[in-house]
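Below, subunit A partners subunit B and then partners subunit C, in two separate complexes.
This part shows the complex of A and B:
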């Protein structure tokens, strides 16, 4: 069927890209996977050695690690699944009916939050939530009791920050998906007497299911790896009350100098991410 | 067919060329290590994250000029690393791992030097020091600061620091406390703080750094200043030198935690959420003290470096408004006062390309005149006898005599490889009694557990 010389010639243009990917993407990943099985330290060690699964055993016996896994799940569910996803869909649906000026304005504001660099967004929300910050100034003006969430409910504060920052993405995805629903179908449903909630449940949601799946997957993976936002706002504290897996990994690898252990945690984070991905992919395949 | 094939080939050649030309600079950039130029000495140091503070930059620029003039044909390249302490260590350690990135001279904190020596990152300096006359001017404790367990010396200290109590005379006057205050016991310190709390509302009575956000400042300025004032004052309460093991379950440890607990539960300290703000040190030095909002601060000798002319936060009146007192021992037992010392050294990486030239640069920095200039510029405490006895140095800054006198009775941290992890465990214990999450006993027993993990079970019960 094919002339080997010709297919070789065809592969040639891709070769440099493949080499670069192997060198700069696959290489470091393979090296990371190797390091996760050693006791490599950044300092305080003459030679590192292969330790098998010791790092993973340490992780599962480490309360701080389990705490980080739990917080990561809370953070992901609250800020990504519930927050960004639902709010994004609601905004997109509302904006479809809104007048053009309202749509432009809302879209502009929401997307600004998305365009801001992570560290800037983190700092803005730190300034918003801190004890002397904007939120308390507003609450004071309204004679409401003031809050200190960065200290009392840090995981909620950073979740809110992530919703604030990331909703635009879901909104854009859903806006595009909603526009794809043919008007005739909605109208037909209306004629048949379907009310708002029933149209949403029986028409809109099934028709944008693919977008929901894609959006959930992208959102979740992005939220799982959020580091800068939390680091700027709380550094994982107080104590380790907002220390999600990426922050835990950073602390172990670079502050406690245990590169091997930190890398093992990174691999476990990868595992959590792939569990979510598989879940969503299943969801997609069986339903459509 | 032909033209397509030709175009096909030319595109692939183009792509390949493009890929190579893109990759080439990236790859060769990694190859430009310190060894590449035998006439250039590369120097890495920690640049302040506060842009208005450039004490070290200015000092090194001056030395660079002098060095290049005295050594024609030789060049100095300054490679500043702009980062907070803990990230500076990490970046430096990563650079030291490869001969391609290792500088010729690095600024090392004595806090980590033993750990870096164990990793084989640094070069022993003994052959150089043996031929260097000025080395005899260094006091013995300073020489020991960079001496490893193998008996070799790996760094030349450029000064040290000591610690004590800074207090606001204005607030003390309002509270009816003496402005030449010198507490004799921990209870005296707490009593003064309680008086301030009662009589001068709106100010923080006492600052003791605590918790993980403050990092090593919590361990050293806070906890160890207390811990080393417990017991009989002769044995190290953290590390048992005889058995080479870390001490667990000490009563002194619990008492020191108890002090921290009292400070924060009686609300004598800063508000807990502020105490656990990662920027607490900047807040204390830049806001609370200069604005007269803090009565007593347990802190380091270097504070005035932020308040000097040209440092960015000028506050020349500090010497009139602040008083100094020794930190007392727990019950006033001998020797009566406590201080901790750390400091930084200049070291040559094992993978440096030009070690000889690098040592020459150390010598230029450590002529008596240049050393003295540095001590004065950064509010450092002299470790050279010739500088310490020079009246110009003693008079250069108020307080310098107070802190230099502490050098004779100060303690050094057991900065062995496990120390950074032990320090983190101490910070966690402090944090849990600060927030009230754990009782003193629970925090102390949690520390004992964490200590075993941090030191591979090299623990002795006392």
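This part shows the complex of A and C:
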């Protein structure tokens, strides 16, 4: 048997990390689970009281909350599941065949969009989608109807912004995955006369399915917590037409001073995130 | 047969090149706009050839209160946070990578779980907590939170890089009577230099671009990092000077792009992420 004093000494270096994680991550999560059940307010009332599930009942009867849930769903599906994921896979697949200079150039541009600070990305896309912006300039040049995107279709504009900013990650994941498919397999299929779509469906996609799963999970988790990008572009508006859950949570907690209610929304977001997180861990299970 | 296959392949390469160039153009438009606008004396919101070249926009923003103070604040916050993250992660990764224990697996699973939690969701309770323990509006509080939020992923990465350093290399040091701490600092860490660089750069880039954390935890304007102060261009100064805003964006973004290039070149374009990264 190992000497307990020795194992304690060996485990000691983990202590600073554990202390930090307990105080600043586990602590707030526990506190979150607590104040979600109180009527705590920002305005410094003497003490808050326990209100049970009242905040959650309020939420599910609150049209603004249901609106935020719906918009979060649209935002996640359009920008993460469809946009980043499909575009990332398409770019990675094209890169397998393209010439080196084009591949390097495209990779560089797409990755730059990813590395930029969130607020800068928001500001660039704000300019792009504004009434006087580049998108409308292009549409005018093509004699297509232009419109005030941030006003008429704000959730679509911020979704595209998230695609612009996030596709690089999917592209990198899929490039790595496609590089691992042995050349002989695709070439054999090609010689056997399997066309492009059939090769994609029967060979490529099954071989990279683990990467697809990982990528979808991580994209979704990242998209669920987007705040700055939307904040800079629309502040959740006009009205609440682009107010996803993080922005709704912020508004309730700080603009309406209802920390308890805002935290209840945060807790729901955290629960959804946890479910995805557990699914992601199951995907990676063999690797731990 | 071979020639048709070869010509088909050439045709396909042309098609792929065209497709990629279209995508690259679309992705490049906003980037081209910010660069052109930053040197344009009459910048507006669309991509256009500048009406002459000028450095006035940079001149106008390169002032203590607009650029230097926020960038210095960013540097203190992200530098401090990164240092704390990397030191704690290296210390924690060592026993996890080197010694067998029943606790390793549950600990690593918890860490992996925490890497994917939406940090945005806990910012309201963190704010409420920080108010109670008087850490609100302090640099050290924000640094500590930054470090904690980046730690799970840093530990995970660091442990995987450390696993790649063969144990035999340390055994010589052990027989010479080196303690585990000495062998970590003198043998293991130098051997995993690129790994440490990745963790450092990744943590720093994540914090440098983070808006929500300092936006929530700091209140005093002269403590604000660039990620928050950039909003001042929109808010309080009336007419937005787009050229200046673009110039500021370029200055603020350059460090992280350089850091990324530095790391990516050392490790190849894949960035060795292994599909385990938050975007």
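Everything below uses one rule, namely that the second predicted complex is superposed on the first by the 268 of 288 C-alpha atoms of A that agree within 3 Å, B and C clash if a C-alpha of one lies under 4 Å from a C-alpha of the other, contacts with A are read in each partner's own complex, and residues count from 1 in each chain.
In this text, contacts are C-beta pairs under 8 Å (C-beta built on N, C-alpha and C of every residue); 3 or more make two chains touch, one makes a residue touch a chain.
The model shown is predicted, which means the values in this text are computed figures rather than measured ones.
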{"item": "Which of subunit B and subunit C A:25 touches, first, second, both or neither", "value": "second"}
{"item": "Partner chain(s) touched by A:256 [first = subunit B, second = subunit C, both, neither]", "value": "first"}
{"item": "Which partner reaches more residues of subunit A (counting touched residues only), subunit B or subunit C", "value": "C"}
{"item": "First, second, both or neither for A:188, with subunit B first and subunit C second", "value": "neither"}
{"item": "Contacts of A:205 with subunit B and subunit C, given as first, second, both or neither", "value": "neither"}
{"item": "Partner chain(s) touched by A:16 [first = subunit B, second = subunit C, both, neither]", "value": "both"}
{"item": "Contacts of A:82 with subunit B and subunit C, given as first, second, both or neither", "value": "neither"}
{"item": "Touched partner set for A:66, first subunit B, second subunit C, both or neither", "value": "neither"}
{"item": "Contacts on subunit A seen with subunit B and repeated with subunit C across the two complexes", "value": "13, 16-17, 20"}
{"item": "Subunit C contact footprint on subunit A (complex, rising order)", "value": "7, 10-11, 13-14, 16-18, 20-21, 23-25, 27-29, 31-32, 35, 40, 87, 90-91, 94-99, 102-103, 105-107, 109-120, 123-125, 127-128, 130, 132-134, 136-137, 164, 166-169, 172-173, 175-177, 179, 190-191, 211, 214-215, 217-219, 221-222, 224-228, 231-232, 246, 249-250, 253, 259, 262-263, 266-267, 269-270, 273-274, 276-278, 280-281, 284, 288"}
{"item": "Subunit A residues within the subunit B interface of the complex", "value": "9, 12-13, 15-17, 19-20, 41-46, 131, 148, 150-151, 235, 237-239, 254-257"}
{"item": "Contact footprint of subunit A on subunit C as seen in their complex", "value": "5, 9, 12-13, 15-17, 19-21, 23-24, 27-31, 33-34, 44-47, 84, 87-89, 91-92, 94-96, 99, 101, 103, 105, 107-109, 112-114, 116-129, 144-145, 147-149, 151-152, 155, 180-181, 184, 205, 208-212, 215, 226-228, 230-231, 234, 242, 245, 249, 252-253, 256-257, 260, 264, 269-271, 273-279"}
{"item": "Touching residues (chain side subunit B, partner subunit A) in the complex", "value": "8-9, 11-12, 15-16, 18-20, 23, 86-87, 89-90, 93-94, 112, 114-116, 118-121, 211-213, 271-274, 276, 278, 417-418, 420-421, 424, 428, 431-432, 435, 437"}
